Amino acid sequence: MTDFDWMKIPYALLTVFIVVNFGMLLGAFIQKIGARVGRRHGIPIWQYYADLIKNYGLRTSITHGAMFYLGPVFRLTGGVGLLLFVPTIYGSYMFSNFSFAGDLILALYFVFFGTLGMALGDGESGHPNAAIGITRGLSQVTAAELPFALAVFAVALQYQTLSVTDIVAAQQGGMHNWTLFTNPLAVAAAMLGFLGSMMRPPFDVVIAPQEIPIGPPTEYHSSYLALMQTNRAIFPIAKIVIYMNLFFGGAASWPVFFLKVFALYMVSVIVGVVFPRFRVEQSIRWFLIWALPIGVLAILWV
Amino acid sequence: MIVQVALATGFVLILIGIYGALTQRNLLRMIVAFTVANSGVNLVIVAVGYLPGRTAPILDATVPAAEAAARIIDPVPQALVLTAIVIGLGVTALMLAFAYKLYEKRRSLDIARFSELKW
Amino acid sequence: MIKRALALLLVLALGGLFASLMSAYAPDPELNPTARYYAEHTAQDLGAANLVTAIIVTYRGLDTLGEVTVLFLTAAIVGLVLAQSRRRIPHQPVPGGELLATGTRLLTPLILLLGVYVFVNGHLTPGGGFQGGAILASGVLLVLLADPVKPFSHGLISVIESLAGTLYVLIGLAGLALAGGFLDNRILPLGEFGQLFSAGAIPVIYSLIGLKVGAEFASMLASLSETEDL
Amino acid sequence: MVSPILIIALGLGTAFLLGFLKDSQRGLAWLVTLAALAGMSGVSGTWLWALAEGTAQPMDVWTAGTPPPFAINLRMALPEAALTLLISLTGLLSALSLRDALLARGRRAMAVLLVISMALCGVVLTRDVFNLFVFFELIVIATGGLVLLSEDHRAVAAGFKYMVVAQFISIFLLLGIIFAYHATGSLNLDDMTHAGLLGHPVGAIAFFMLFIALVAELKPFPANGWALDIYESAHPGFSALFSAATGAAALFAVDKLLLVGGETWLPVATGIGLVTFVAANLLALPQTHDRRLLGYSSVAQTGLVLVVLGQRDILGDQTYYIAGGILLAHAVAKAGLYWLSGLVRERHLEAWAILRNSPLLVFAFATFLALLTGLPPFPGFYAKWDLIHLLAGEGRLWLLGLILLGALVESGYLFRWFGYIIKRQAPASESLEPNAWQVIPVLVAAAMSWALAWLWGDLSGHGNLLLVLPLIFALAFLFLDDLPAWLKNSLAIAGLLAWFGLTYELYDPLRLIFAAIFLPGGALVLLASYHAHGSRTGFYPSAMLMYAGLAMLILARTSFEFFAAWELLTIGSYFLILRGKESEPHALSYLLFSLGGAFLILAGFALAAQGQADMAMAALAQVAEPLAPWVFLLLAVGFMTKTAAIGLHIWLPGAHAEAETDVSPLVSGILLKAGLYGLFVLLMAMGSQTLYGLNLTHAMLWIGAITALVGNLLAVFQEDAKRLLAYSSIGQMGYALFGLAMMNHLGWLMALMFVINHYVYKSMLFLSVGGIAKRTGTRLMYRMGGLITLMPLSFIAVLIGIIAISGVPPLSGFGGRWIFYNAILDSEARLPIIILFLAGPIAFLYLFRLIHTIFLGQLKDELRQIREAPFWIVMPQMIFVAILLVVAVVPGLVLRRVDAYITQFFPQGALNWEGLTITSQYGWWNPVAIMIIVGVIFMSIFAWLLFVNRKAQKVKQFNIVFSAERPYRPETTHHAWNFFAPYRKALGFLTVPLVTLFWNGVTDTLHAGADFVRRFYTGNGQTYAFHFIIFVLAVWGLAMGARA
Amino acid sequence: MSPILTGMTVLLCLAMIVAALAAIRVKSLPMAILAGGLVSLILSVVFLILAAPDVAMTEAAIGSGLTTFLFFFVLSRMRGGEDD
């Protein structure tokens, strides 16, 4: 834990910059893989940049009200904040970001900041499908968060600390020190929860295009959408960073970081390819029946 | 001996009265049963005060005041019974008046018919 | 039938209670201290020959006052109960025969006299206010039977009733003020033992009781006689 | 001093004198009657005064100038003086109340009234057992007569039934008398005691007969059908006398006899009293006839006094103080209620709603109710306290439990009735035409109630509650009730702040937090009450009563003070909750749970005190095994009732939701903290306790966790916004309970954090939601929607509130969560922690629903015209918002000192408050930094978005993509009803209202059982005779069985 | 006390019990009332034997006399009531 100094600000911006780019490339890359597996061409690797630039470039004269306006702001603040409250690269002063402001718990709870804002903004759009999407999303995410929260707690118990840095530090010195191997139950629970929070099949009914036109953000467009797209690049990675730090030994350098994030991302992709989509209550039950007991065991086992 | 007989009779009268009061449904018959029971009570009270071979608690030539303590029976139960008899009459009269009043309402003396007030 | 059986059962159980009472009972061989006190002190303290009377009028005078009050209450309540049932149109009951009427006229004064005799001598001989009062009432009853049509003088009865009652209470209070306590008979001289005018206020009180009891009974009977046939 | 015999002479003489008056002079006769009764009251009053002041000595009055036992003697001592005064005053006031009936029936009826008053006094005064019989017969006959004063023709039958039973009674009484005389040679009660009546062969049976006959006059269950019929049909003026005076006299007679019987017969009396008390109260439950209900209550109260008399062996000198407290309270209240019933024409309980037209009469009714149920500051309260303590000290716990159970049932039906009065529709046909002669007795009784309250407080060893400043302040509002509401509100606020200022020095840091919430916090919530117009009758006395209780609670140093304060705040808040529109059943269930909890607390204190009448709260720490865990259990469950822990929570949603707009924050934000305060005090003193190997704090941990889970889950499925908040409170209290039960430093800190936060955001949310409900006319969220533009300030309050509750940084809720995580790392109990984890995210669901369905989505047509909530409702919300922000940034402001304070209990685990970062042994948290970082990121993005979209305009409502159609009806586009349908499908099974079913089952069983049992009162006088004989034999059998 | 007196007492007592049973068992109400009066009347004799002349007088006058009379007085007002 270090205190604030002004240099942290440019360093933090650098982290954000790297992660945004990585996130966009990663997203496109995974789309591309998916397309290739399906024997399609897929999108070009810079497609996300093009979309983003286009949307940022668009001007809109429409708003549905104050919260509609603030929704994307909340959302992106949530993503960026989450990223910045956690040290990205272990042992690096540059990329320890603003982790002095709080520990693991801060990150855990800040996840909801964006979700809440998004839900509020969507709500104000006045579109019933948006509201339905939100109820589904919230219902599912609360169920999916449970095993994750349990796993986090198990890890905190295991290492007797809430400091992310300390947890990563405890996992250094070889793969066998990773939580993955020292506490496999916790990791299993967390990974099941992870699937649920990535908005990928089989847990993607929230934004399922077939049923509802793109779910909660139905009414969002132009620069509003651009902010969300930015967040969509940052947020999964910020989450994965937490997973990586807690369970997979963290990353001491950017290459390791890229590799681990990519690998974790792929887990959800692969699962998504294999399973059909769940309805919300099904996924809630699934988390409660499969993921939750593992989490409970993880805690009891520590 | 005589005391025991009187006592037993008194108790039997009480029991007969109580049995009558519990089984007769006619208001007047219930009241009659109570007078029988009251008679029994009075007999018991007097019997309890009786001492064999003594005389009534009235001082006169045959029972001078000086010998009274050895000659007379206990006057207290008699005084009590006097009161009880009069009170018994009062209650009986009152019950009769009530029975009359009830009969006036219903043209019946069956106690089971005066049970609107319940529960 | 169940009711009878249950009643029988209960009565038998009560009989058991009474039986245990009887089996534990043994007559006193001697007078108990209270009775002994009365036997030894009454003549000299109160001057009454009839101990029962002495107890009723003086020693346990408060009971007797209550007893008179019971009759007073009963008369009042019987009056109250039946007041609502009074006939509105006087009907004509058959008057008693000439013989009865004449006999009544002859007998009533005698009966009343007998009643007075009984209560005035209460402190000397058996009998007293209650018995005398009952005899008085039977005189009234005779009048009622003989001539049901004749309006009965409630006013007179009421005055006698109130007067006797009030005087009774006042004498009691006089005992409080002048003698040893409420209803003490020694507010009047005890006189000579065995005489009519003796035993202090006992004859007076017993007379008042007699009058009051007679009046109450009469009032009760009168109230009843004025009811309607149902 | 005048001779006490004058009481008798006066009554009797006047009764005889009335005969001199003409029948037409009824008015005069009535005045004479009044004068005589006044004279009797005067004599007894003088005696009472002289005896109490010590200027006269107890006196034995001889009659006939002869010493007892040879002549009848009367005794005048303190109890006799009090009872004769009670009797003659009741007679006097009943004569007023009976005026019309007496004038209609004439002087004979008046004479009967005089005679019964006299005879009742005689029963009290006489020491002679046969004299007692005579007086009793007088009472029987007079009762038969006075029953006839009723308009109800069924009264004649009731009178006859009474006489039937009275005949049986007199048989036993006479037999008992003569054999007792035979055994002891005396008719004098004192002589009988000395002569050892019970030692004689026939003595025991003789005593039994005397005893059973006198007890039968107390209308014991089950031999009391006749009495109930009389209560139901007689003139209320007479019923008042029959209940108050006859009951008192008969009880005193039984007491005199019990002194003869000695200790052997005390248990029998106790048993009869207890059965009567419990059974009569249960049987009263299904009653709908007001006077019969009061009859059952009378029977029950008499039974309770009999229990007290039966406990003479352990109560000793206290017997008369306790029995007198209960008896006088009962007598005054019951007489008052009967007189009051004369003003109500219809005979079902709802008809009493007519009283609502007169606040004075409602006040009188409430006074009588409080008197009957033994609430402070009335005598029953002091008496019950001492009784329970003495019982507990002797280990008579069954007795204690049954007494409290009966008292609870009694409170149940009485307060249900009060609810009817306040809430039900009065019969249209009826109007309240107060007749001065009937109102005066009621008001005198109410005044007497307060006088008794004063007197008993003065006599008690615990100090007079009526001298406690906060209570005086609260009661003062009764007199100010006609002032305009704003003026009273200002007074109330000033009072709260002034008291806080006065007592500031007295609080340690922990208490300071509670005091701050109760007093200035209360004042802050009261700001919202400025919106009310008119005089708001009844609001301020109730609210200030609650505040008085709260203020006294924190300062309470002894268990008595604590409990008195507890009862006061309960009753005050009950009145407050009852003010809500639909709150009648909920207020009742609130009260019942609260009283049930209070009784547990009382039992706990009593058990802990071990026979002492009182104890310092701190002395709880000295309670030793094996008692300590039981004390802990009782107190903890009692307090958890107030915090609505699972299983005891069902009162809360209705009570909080149905309360008025500015009451909900009072009862939720402030009142719930009283329970937590109790738990704090308990845990500070007693720590962990183990019962049968079960660690009780561990059990509390589970309860807290399950409460949090179920509370949150239920909140998710509410359609009613205030209910949602109410369930949320249950969940929040679960968290706080959990924190406390963790029994570590941070757990307690977390609980305190919840105390503060919950006060702030729940008060705020209830105010905003209340304001919205006020404007929209509904609390159903699906009827709202899109209100953000119309009620922006309310929206801001709700937004801040839900962010705070959900624990999302940067607002203050996060601090609670952070401490929570640090705390559980110290805890060994993992399973309950897991349950609490489950609860966490669910909170998010209901909170989102709250803000979404009210403010977001589509606006309904009918709500287009509404305005922002009234200023005075919004204003406190904005203050709360400010507080939330401040607490969010500098939580140390309040928590630091508490943290240090807790260290004395748990040295381990204190936080480090150096600098801006709060550090624990596991992690850290820098609220300022979080606020700045989030703020900067947020503002930068926001500024940018504003900049690029600077031309954006708000579009029309339906400018949305909607399946290529333009929706016309806003209802169709506001997704709000059954908002979390998938969740319900997945987890709905957890919300089956098992607890509600359980409690409903309990009450239904009680009702059905009572309804079944009461059928054995067939109404047939002969059946009642059977009951009597069976009763006699049963008591005999049991008494003999117990002896053997 | 002489055996004759004792025997007489026993007989009187038996008579009383019979009369009492009659009072609660006989079909006709007037007969029942009379039987009740008879109990009182015999009782007053027993009182005399038990050396209680005051009580005997009272019982005769009030218990058997006035009470019985009251019964008949009331009964005469209620034609048909006796059959219930």
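Here the chain labels run A, B, C, D and E in written order, and each chain numbers its own residues starting at 1.
Here, contacts are C-beta pairs under 8 Å (C-beta built on N, C-alpha and C of every residue); 3 or more make two chains touch, one makes a residue touch a chain.
Because the structure is predicted, anything quoted here is derived from the model rather than measured.
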Neighbouring chains shared between chain D and chain E, ordered by label: B, C
Touch-connected components when chain C is not counted: one piece
Interface with more contacting C-beta pairs, comparing B-E to A-D: A-D
Chain nearest the global centroid, as defined over all protein CA atoms shown: D
Geometric centre distance via CA averages, chain B-chain A, whole Å: 99
Inter-chain centre distance, chain B versus chain D - centres from mean C-alpha coordinates, in Å: 50
Computed distance of Cα centres, chain C from chain B, in Å: 15
Chain centre separation in whole Å, for chain E relative to chain C (CA means): 19
Numbers and ranges of chain A residues touching at least 2 other chains: none
Residues within chain B bordering two or more other chains: 8, 14, 17-19, 22-23, 25, 27, 48-50, 52, 56-58, 76, 78, 82-83, 85-87, 89-91, 93-94, 97-101, 103, 107
Chain E: positions in contact with at least two other chains: 53-55, 58, 62, 66, 70, 74, 77-78, 81
In contact (per the touch rule at the top): chain pairs: A-D, B-C, B-D, B-E, C-D, C-E
Chain C residues touching chain D - in the complex, by the definition given at the top: 6-7, 10, 13-14, 17, 20-21, 24-26, 28, 32-35, 37-38, 41, 45, 58-63, 65-67, 69-70, 72-74, 76-77, 79-81, 83, 158-159, 161-163, 165-166, 168-170, 172-173, 175-176, 179-186
Touch list for chain B against partner chain C, complex: 3-4, 7-8, 11, 14-15, 18-19, 22-23, 48-52, 56-60, 65, 68-69, 72, 74-76, 78-79, 82-83, 85-87, 89-91, 93-94, 97-98, 100-101, 103-104, 107
Of all residues in chain B, those that touch chain D in their complex: 14, 17-18, 21-22, 25, 27, 30, 34, 37-38, 41, 44-45, 48-49, 76-77, 80, 83-84, 87, 90-91, 94-95, 98-99, 101-102, 105, 111-112, 114-119
In the complex with chain B, residue positions of chain D that touch it: 130, 134, 137, 140-141, 144-145, 153-154, 156-161, 163-164, 166-168, 170-171, 174-175, 177-179, 181-182, 187, 225, 228-229, 232-233, 1014-1015, 1017-1022, 1025-1026, 1029
Chain A to chain D touching residues, read off their complex: 1, 4, 56, 59-67, 69-70, 72-74, 76-77, 80-81, 84-85, 98, 100-106, 109-110, 112-113, 115-116, 119-120, 123-128, 131-132, 134-136, 138-143, 145-146, 149-150, 153, 156-157, 160-163, 213, 218-219, 222-224, 227, 279-281, 284-285, 288, 292, 295-296, 299-300
